Amino acid sequence: MENLELILPEIFISLSIMFLLILGVFKKNSALLIYNLTTVTLIILLALLLNLYQVSELSIFNNSYKIDKLATFMKLLTIGSGIFVMLTSSKYIELTKINKMEYPILILSAILGMMVMISSNDLIVFYMGLELQSLALYVLASFNRENLLSTESGLKYFVLSALSSGLLLYGCSLIYGFTETTNFNEILQNSKSGQYGLTFGIVFVLVGLAFKISAVPFHMWAPDVYQGSPTSVTTFFAILPKIAALSVFIRFLYVPFAEMNDQWQMIIVFLSIASMIFGAVAAIGQKNLKRLVAYSSIGHMGYALAGLASGTNQGIQGSISYMAIYLVMNLAFFSCLFMLRRNNEYYENIEDLSGLSKNHPVLSFSLLIILFSLAGIPPLAGFFAKFYVFMAVIEQQMYFLAIIGLLATVVAAFYYLRIIKIIYFDKEKEKFETNHHFGLKITLAISTIFILAYFVYPSWLNQIVSKINII
Amino acid sequence: MNFPILSSLILLPSIGALFIFFSKSSNEKYQSSKYIALFISIANFLLSLYLWSVFDKSATEFQYVENREWLSGYVNYKVGVDGISILFILLTTFITPICIISVNATIKHRLKDFLVAILIMETLMIGVFCSLDLVIFYLFFEAGLIPMFLIIGIWGGERRVYSAFKFFLYTLLGSVLMLIAIISIYWITGTTDVEKLYEIGIGEQYQNLLWLAFFSSFAVKTPMWPVHTWLPDAHVEAPTAGSVLLAAILLKMAGYGFIRFSVGLFPVASEYFTPLVFALSLVAIVYTSLVALMQEDMKKLIAYSSVAHMGFVTLGIFTMTQQGIEGSIFQMISHGLVSAALFLCVGVVYERMHTRLISKYGGLVNIMPRYAIVFMVFTLGALGLPGTSGFIGEFLILMGAFKKNFLVATIASLGVILGAAYMLWLYKRIIFGEIINSEVRNMIDLKKFEIVILFLLVAPIIFFGFYPEPLINSVETSVSSLLELYNLNINNSLALK
Amino acid sequence: MFHLFTHAFFKALLFLGSGSVIHSFKDEQDINLMGGVWKKLPYTYALMIIGTLALTGFPFLSGFYSKDAIIEFAYLRGNSVGMYAAYVGIFTAFLTSIYSWRLIFKTFHGSYNNSNVKIESMHESPPVMLIPLVILSIGAIFAGMVFKDLFIGHSNSYAFWSSSIKFLEPLSTEHPPTWFLFLTPVLVVLSIPLSFYLFIKNKSVVDEIVRINKPLYIFLQKKWYFDELYDYIFIRPSKKIGYFLWKQIDGSVIDKFGPDGISKIIKNFSIRAVKFQSGYIYQYAFVMLLGFSLLLTLLILY
């Protein structure tokens, strides 16, 4: 039990959840208090995790739970973005009247699920984390229960997610059947290549994971859920589960099946290409900004998967850097969305942005930077994200993937440009409100400056990420 | 390491842009912002002049090299100049203040943002010309799309959205392949440092594909036939200062890229693809000259003439002769000045009449005699009359071409004649003839600031027409060392076979 | 190349000079309707003469050097074609000088023939038009002398181009016979009084010739129908080709199949992709399962 301090963050967050739940039940009108306490909890968690950062690699609980650089870094990303999500959405949930005390608690439990997923080194632990996360997310998606779209999206997410979880579980049992173990490291030892059953198992599990990061063709839920859920939840959806799912992807592919990479490589390449192309093409026709973000995140997941497809450490590092930069860009974009408020109502259609630059020069400049960065135009951060990934892809001489990917960026650039066009070239509309709360402003400022100034010293992320070696 | 003069050249405009961006101008017209921008750009010009004067023209290696760690382990921030790039830097720093003066008349709204965009653009363009690392080069090369997209889109004409999109996506499509090639070079050779790559060379088996990838980017940017169609649209819709930047400098980035990267890094492939480049250049020269003949829109005519002139440039570069390459460089500088001037001239009348249709004009000589004179100088410069800088470039290119291939040179000479035809015809229709349009009578002759900027352009066009030596001197050593390297590589590869 | 270079100067000079005259005549272009205005337009007159002299290859003006050089080279080729070319060259030089002088005399000398514009109202062009003329005339006079060495010279031409042009080896130091060298200038000089006589002093000679060869004259007067022919052979087709290339190739082929076409296709796909998103859960689930089985099949086949 001397290793208990390694899971101190997890213990802390579980206790906080229970405490906050009790507080919420017994204290009336405590929604705001709990919300703020949740933010504080997350900040403390961040500190606890930073404390763990020196640990290079340790596994506990019969080698089923891993604390290594990958886990800690991904958890840091998760919780860091969690804090910013909380900061940005406080006003939103108040105005849309979803400031119930359950809301922050659900977010915390989702985060706990993600942390378990990220650290898992065992199929069962991983599944447990996944379900904990998903259950919280189902509720969150339909949290605005007066809104038809919101309930619908929650239901859709639930049904489809159940289907994918079923597939995933079936895959786990197949793998267990053929290797007689659920532990990732032991699977590696017990697996013999050429076993169809094992391959089937991998496919089943990958389908379940692909669903979580909404890779094509398992993306169908994403646009509806993104649009239907409250924007604050969409922000959460667009960022946090993806970080967790990607780290599971990495661990699942590179630890137990490291030697079967020629088999799963093809699946990943397929998912990646399909997502990049479909995300880019389908986004062009969208009118709703949240829906557009859904497609754009489908595309972005395609790029992150491209890094994984390379099958090297370089590729993993590329994907992780991609995620890190992607989450900053998304945070920034959603902060802008939260600013489109007029008379206590939020606007989310692309047309509402028309001529924004006349009345809100700073906001539209940030959007400009963010959108160009999402499109991957140098020297903004988004370019570096793609650069790292394609470095890895081309190192493995997967030119086909690289060319398709970069051509898809050109198509994707089109819809980002369209938004910029609407902001900058079109006639202006009514002004939006400008009195935003501090958390939102600071989030937007930090993330925009990060995107804009990333090129000045790009090695810092590299230096951190390059310490993550799985193989 | 001494004073980092190149980095200051790159950074200075950006600092100015930041300053303008955050400063609050008291009056509506943003006079102070304009003066700041002008001051910064002129300071930058003087700095680059200083650089030119202290630059050692006889040295073959890159000078004022700065090498800093940037993306640790992969890419270093490396800049430096040789005789070729320094001319383009000068051109950039020279054209930018002219653009800034010219906004007086052409930009009616959001002047501050426009100045910021132009200054950022200057930073990026200088960066392109002095970067000595492929990734850094790509960064500057691509980043230029953002301000240019905004310049066309925000301050452009009626079809600005279509043009801006076309410009952006066309050029982006071209250059993503270059990015793949750059990364491939990194994995093949282990570096993206241009100087090192010159030394170690790139394996012959890779060269053709890499060359094509670079070519796809530069060909779009040049623009070469048949990927030139973005240019007329972009030019027509861009505001005057935007057209000037586009024609004078942006197109030159591709020509520069051809010399520095295509020829320098992939000599064997360049030799292999020379017929392709020749064919496309010739088509561009003849084809676009014919198209230019028929244009009804002045800006479109000049845009098409730019395509033809850039056709000469690519032709000259791939003659792989001393004259050809020097001629191309000279032609680029000259075309930078002349096309900038022509667009400014169009801007002058457009601002008064709000139309670019040639048929609406005529008989301007009676109303605007001073305008008629300067316009004539530029027309003659564009058609390459001896005594203007245009002649020297075209002449040297044709010399080089005659050495290489008689037929190619002959067809190219045809282009010279056609060039004279459409330019003189344009001049005749606008300046001479009856005054048909009564509105023309109300036009006023050049204002003071217009005289200043146009004279600033007349002077070098004529000066370098009669005395090209300073320019030629400065590129001579660099070109000959480039060719030496080139021939060495070609001979080696022949010997291997 | 040398001739092209010098040619540019005096042709431009003549071109703009006649522009100046035409301007003075209020846009009258027919030289038959001009005449006798040389006193009224002294500068233009002088400049036009310089241009004409240079054009005809009058000794020591720029045209002389270049034209001579061509004829000389042709002569020095030494074979019959070269000789033939040389003689044709001389003959055309002679004719050129006659017609150019005709232009001068008809325009500036003789009686005033224009009824539309009163001679009193004639005036010199504004300096705006004259200054470029002066510059060009200086070029026309000196360009030959100054640049002679540079283009066909034997030495020290390298300074100007500073070795960027390694010039043709000096072709030959051999010279044609002296009489030959003098032939052209002499003929050219002779042509001046001849044309003066023909077109001003004694018009009857010309008229006589004209009457005898009426159809030929008309044919000739219409400049051999060269303008029409030119128009027909070169200008109209090139305009048509230009128009075709612009509208058809640029517009309908490159753009249609290039950027516009591709973006249209992508937009089409996009619309389909949007419709694909029907909103029904069972369809979503179906797509997922379809994708899943696709992956499985892919793996099995692989």
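Chains: A, B and C, in written order; residue numbering restarts at 1 for each.
The working rule: a contact is a pair of C-beta atoms (placed from the backbone, for glycine too) under 8 Å apart; a residue touches a chain by one contact, two chains touch by 3 or more.
What you see is a predicted model; the values in this text were computed from it and never measured.
Chemist: By Cα centroids, which chain is closest to the centre of the whole protein?
Modeler: If we average C-alpha coordinates per chain, B lands closest to the whole-structure average.
Chemist: Greatest Cα-centroid separation from chain C: which chain?
Modeler: So the farthest one, by centre of C-alpha atoms, is A.
Chemist: Per the centroid of Cα atoms for each chain, what is the distance between chain B and chain C, given in Å?
Modeler: Averaging C-alpha atoms per chain gives centres 27 Å apart.
Chemist: If you average the CA atoms of chain A and of chain C, how far apart do the two points sit, in angstrom?
Modeler: About 68 Å separates the centre of chain A from that of chain C.
Chemist: Quick check: how many Å separate the C-alpha centres of chain A and chain B?
Modeler: Whole-Å distance between the two chain centres: 43.
Chemist: Which chain C residues touch at least two other chains?
Modeler: 263
Chemist: Listing for chain A: what residues touch at least two other chains?
Modeler: Within chain A, residues 414 contact more than one other chain.
Chemist: By the touch rule stated above, which residues of chain B touch at least two different other chains?
Modeler: 169, in rising order.
Chemist: Which residues, counting only chain C, touch chain B once they are in their complex?
Modeler: Per the stated touch rule, the residues are 5, 8-9, 12, 19, 27, 126, 128-129, 131-132, 139, 143, 160-166, 238-239, 241-243, 245-246, 249-250, 254-255, 258-259, 263.
Chemist: Under the definition above, what is the set of chain C residues touching chain A in their complex?
Modeler: Interface residues on the chain C side: 263, 266-267, 269-271, 273-274, 276-277, 279, 281, 283-285, 287-288, 290-292, 294-296, 298-300, 302.
Chemist: In their shared complex, at which residues does chain A touch chain B?
Modeler: Answer in residue numbers: 368, 372, 377-379, 383, 387, 390-391, 394-395, 399, 402-403, 406-407, 409-410, 413-414, 417, 420-421, 424-425, 455, 457-459, 462-463, 466.
Chemist: If you look only at chain B, which of its residues touch chain C in the complex?
Modeler: It comes out as residues 166, 169-170, 226-227, 229-230, 287, 290-295, 322-323, 326-327, 365, 369-370, 372-373, 376, 380, 385-387, 396, 399, 418, 432, 434, 468-469, 472-473, 476.
Chemist: Chain A touches which residues of chain B in the complex?
Modeler: Residues in contact with chain A: 69-74, 135, 138-139, 142-143, 145-146, 149-150, 153-154, 160-161, 164-165, 168-169, 172-173, 176-177, 179-180, 183-184, 186-187.
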